[in-house]
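I've put the structures underneath this note.
Both complexes shown next keep chain A, but they swap its partner, so chain B is in the first and chain C is in the second.
Up next, the complex of A and B:
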């Protein structure tokens, strides 16, 4: 038995079984949630690098598995991340049932997660680009279920994500060449340009992010945000792999100012576009872009604190976006998801409305919510370099908060103030759980985040 | 070796097929051109890889073409709309611009990636034509053909840099996956139009 078999092989096998059973949505739902919780618990509690004592005998669990001459390694440092991914997978697949996501969501979503784990594990890590592309292809039937019109956003998503793969693969070759011949400036230039373009396509970096609002507004927002978040999280981890592996990249004079500039542009432009929106699904996309911008800003600090903030952001982002997209999709089942359509919904669907506000304001960095402590810490560190680096992101965040206030006014505004609660029990369960966790993470960040920073143990050079 | 001596023919095949794909109004002819194009891709790859391994590119390309072709229903073909001659002339001109651009950039590109000029030239034409298809075409068939052409161009360059069997296999899976995804979306679109 090996770790890749547990977190890659079994989820792939399970996704095939769930695909066969996909018409029995109830069964699929229960199996998916139970299995994701099991995978998460195994990731958190299974000891790495030593056999497991099963009472009667010792079960050896290897960290690596060799496939066609290449190694897949999931060691101790990866376990925290796997645990988080599968725990949130349980929440996301459970939420999928609540928002009546299409039948492909759970089985193919499990495949995406298994491919994500494979991309995390594969050595050399450059091959991860191919696995990411496979995950993108698998995600197409989730985003565009059979019988529904195919929209432009999906094509753009597919094109941009596919364009990234060649750039990353060739950048990998160029990076290797730079390591071998550090005195050649043209190789360095070539590697940096290719790498920058590849990651820009993958992460919807400014100015390549126009596909994201289209995709999220034209598909199920809950499903789209799951796919985008999953892929982005993996790509960010790959960026750490690159930084860890190549000393010339870590010591580059250009990299960190460029990350700071692009990150700031993403945060500011996403914030400004948000203010002018009516459609909340587009706002959800802009908050995803803004979060990517903040991750780049965290990387731009170029110190261990920056990497710690970067790693901690994953958890806060996942739970806040999950809450935002879940509540938005639930509300979208009853009304058009725009400012006009949401009028008076605080009295009809109070829990969904509060969750929407929690998610939206949380992404704007409002105090007491999950993202706030990390944003504060990040801005403090940015301001120590220069005050301007902190002021621009604050403008972006303020734009989101202003939009949040517009939504609040719309939710409260109603002629009929008879109170009802139209959410179903399962919707109420997931919304309450998400809302509580967002507050818990915001008020007691030290309960959750330090353990999550163990993720950085895998990257020996990022100290 | 025969592939090396007549490698210019491979580049010529690629240019002709790419231009034909830009202006074609008949899906059967387009699929045929797509299949012939992969002979050019195979030829260029065979210059740097063993023929046995390079054949993978040919087989995968043909399979991708077959998958895309099998999805098109004649009555809902994306080519049924009559395209005007000026549109074709525009596309042909744009294609010619791409070819000239690749000619112009060839020496600069050779400084970046020092490989056989014919391989680089053929690959860059494929990439340029793929980007052009993605930029000016709107129907799913052409978009996926554009993506596959673009990837074929990249793979031709990458074959010089990396000869791992695992990479060849994974790229084959990506190509077939792309074709299957294209087939899925084309059939979804067609179903929606006939409904």
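Up next, the complex of A and C:
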């Protein structure tokens, strides 16, 4: 038995079984939630690097597994991250049932989760690029169920994500050449440009992010945000791999200013575009873009604290976006998900409305909510470099908060005297859970975030 | 941890109230629980005046390493008067509700008062910016929820959201102040902020209090019950005013100080005039807050944070008294006079130390303005507290006693605070300025009485040309200051920009979107290459 078998092999196997059973939505739902919780518990409690005492015998669990000459390694540093990812997976798949996502969501979503774990584990890490592409292709039937017309957003998503792969693979080849000939500047330039373009396509970096609002507004927002988040997490992990592996990249003079400029542009443009929106599904996409921008800003700090913030952001982002997209999709089942359509919904669906506000204001960095501690710490570090670096991200955040107030005005706009709660019990359960977790993480970040920072132990050079 | 004991006690009371409401036990029991817990907390705080508990600190709130932001709550001479004031106010709210018991008794409304006081207590105890940000957010959310649950008119709901937005802007200002401080390598606590960051703290307090820039989100007070409304309206400003007393003496760079003083004094003049001419004390409540907040901010700008503390305490205690003073008789008018004396700032009265911030030698026009503001506040207090109000004849004996006791307790608490509250609180102050203000107030009251042949409290706005004039001017100014014109202007520009953004979106998401993206990429790359590495 090996760790990659548990967290990559079994989820893949399970996803195949669930795919066969996909018409039995209730069964699929229960199995998916239970198995994700089990994988999370195993990740938290199985000891790394030594056999497990099962009472009758000792079960050795290896950290690595060799498949087709490639090694997959999941050691102690990865376990906490895996645990939290699978715990969040339970929330997402549970939420999928609540928002009536299409049948492919759970089985293929499990595949995407397994590919995420595989990308984290694979050596040489360049193969993660192929795993990303596999995840992109698997996500197509999730985003556009068979039998339904494929929309422009999905096409663009596929085009941009697929364009990235050759750039990354060629960049990997160029990077190898740079390692062999460090004195050849043209090779270095080629590698940097190819790498930058590849990541820009993958992460929907400014100006390549226009597909994202299209995709999220044309598909189920909950499902789309799951796919985008998972892929982004995967790609960000890959970016850490690159930084860890190539010293010439870490010491590049142009890298960090470029990350800061592009990150700032993403945060500011996403914020400004948000203020003028009516459609909340598009706003969900802009908040995803903004979060990516903040991740780039964290990387631009070029120190260990920056990497810590970068790693911690995964959890806060996952739970906040989950809450935002879940509540939005629930509300979208009753009305059009725009500012006009949400009028008076605070008195019809209070829990969904509050969760929507929690998610939206949370992404704006409002205090007490999950994202706030990280934003504050990031901004503090940016400002200690220069105050000018902090002002633009603050403007971006303020724009999201202003939009949040616009939504709040709409939600309370009702002359109805009667108050109802139209959420179903399962919806109420997931919304309450999400809301509580968002607050808990915002108020007691130290309970949760250090687990995610252990992820950095895998990257020996990033210290 | 003992520093948070009052917060824990009140939280337990809140849980008990919710449980009683859940099991539909009588309002009487809930009232008794609230009063008992309020009294216990009041005594605890009184004891903590003499035996100061050590601060509660959560230094490793986030990452520990490299993080300057942490949570510290402390009871010191800046926070104690406000904490004591909030708990006294709560006690007075619940006790004075006895006079209104037979009409409306809703334990959940006492729960609402408890919630805002808990939030207020956390804010006044906050020693670090992070603690303050948390507490402010908490109290703002509480206030918004209570208002949205209570008010029915659409316009008032919008006003509640606008007010929430202004307070959120205040919180953003604190965050910015933290960043400015961090950029200068300073600022673990509010008191250690450098002047270039302190100015943002001042703006944050001003934004929340409606003074900088002068704005009145609530031109008409939301129709809340007197007790709950008073708790909300007093707790939120108290949580903001405490910041002023924590600021370093040089909070504003000298070059900016005159502008700040101009703004705050104008706000104070406007607030005091409207307070005097308001229909009754409840209608005048927002103006009372603006006027006193103007005095407090002015004191802080002039480098006298202790004076800001005195005016903040006066806002809480004297304001709390007059807004809860619904049913009246001769004996209680005597108590009102005692409260009025507390507000005058005459030597060895609670607000005496406040004058050090209002009149600063060399004497200037600003000092005259502040004396005028204070006089108008005193006059308004006299007018509103001496008006007939409700009768106490129909109240049951116990209700009469408890109601009166609640009000007396508030006034006594103010005097206790004035005597023991902070270093140099029991002082002569600026005796001639306070005497001048009190004298002007009395002369004004007598003149009006002589001129109109009616007592001051019976003046109606429609019956004297002076009041009609002031009312009209005030109303016009109110229209300007409620910032509706600004919102309309904002909406106009918003629409224009929205069209532009929609147009750009159409281009970028249209058929040629990918090409446009590549053009933008080239622009960025050329910009980067031009700037070079940094």
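Convention: the second predicted complex is superposed on the first by the 462 of 463 C-alpha atoms of A that agree within 3 Å, B and C clash if a C-alpha of one lies under 4 Å from a C-alpha of the other, contacts with A are read in each partner's own complex, and residues count from 1 in each chain.
Note that in this section contacts are C-beta pairs under 8 Å (C-beta built on N, C-alpha and C of every residue); 3 or more make two chains touch, one makes a residue touch a chain.
All of these numbers come straight from a predicted model, not from anything done at the bench.
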Touching partner for A:144 - first (chain B), second (chain C), both, neither: first
Which superposed partner A:216 touches (first chain B, second chain C, both, neither): neither
First (chain B), second (chain C), both or neither touched by A:231: neither
Touched partner set for A:435, first chain B, second chain C, both or neither: neither
Partner chain in contact with A:445 - chain B first, chain C second, else both or neither: second
Which of chain B and chain C A:134 touches, first, second, both or neither: first
Winner by number of chain A residues touched, once chain B and chain C are compared: C
Chain B versus chain C as contact partner of A:203, first or second or both or neither: neither
Touching partner for A:266 - first (chain B), second (chain C), both, neither: neither
Which superposed partner A:243 touches (first chain B, second chain C, both, neither): neither
Shared chain A surface residues [contacts with chain B and with chain C]: 159
In the complex, chain B residues that touch chain A: 111-112, 134, 140, 143, 147, 150-151, 154, 157-158, 161-162, 164-167, 169-171, 173-174, 177-178, 180-181, 184-185, 188-189, 191-192
List of chain A residues in touch with chain B within their complex: 67-70, 127, 130-131, 133-134, 137-138, 140-141, 144, 146-150, 154-155, 158-159, 162-163, 165-166, 169-170, 173, 186, 190
In the complex, chain A residues that touch chain C: 156, 159, 200, 206-208, 210, 213-214, 253-254, 257-258, 261-262, 265, 272-273, 276, 305, 308, 312, 346, 366-368, 373, 376-377, 379-381, 383-384, 386-387, 390, 394, 398, 401-402, 405, 408-409, 412-415, 417, 443, 445-446, 449-450, 453
Residues of chain C touching chain A in the complex: 60-69, 130, 133-134, 136-138, 141, 148, 152, 154, 157-158, 160-161, 164-165, 168, 171-172, 175-176, 178-180, 182-183, 185, 494, 497-498, 501-502, 505, 508-509, 513-514, 516-517, 520-521, 524, 527-528, 531, 533-534
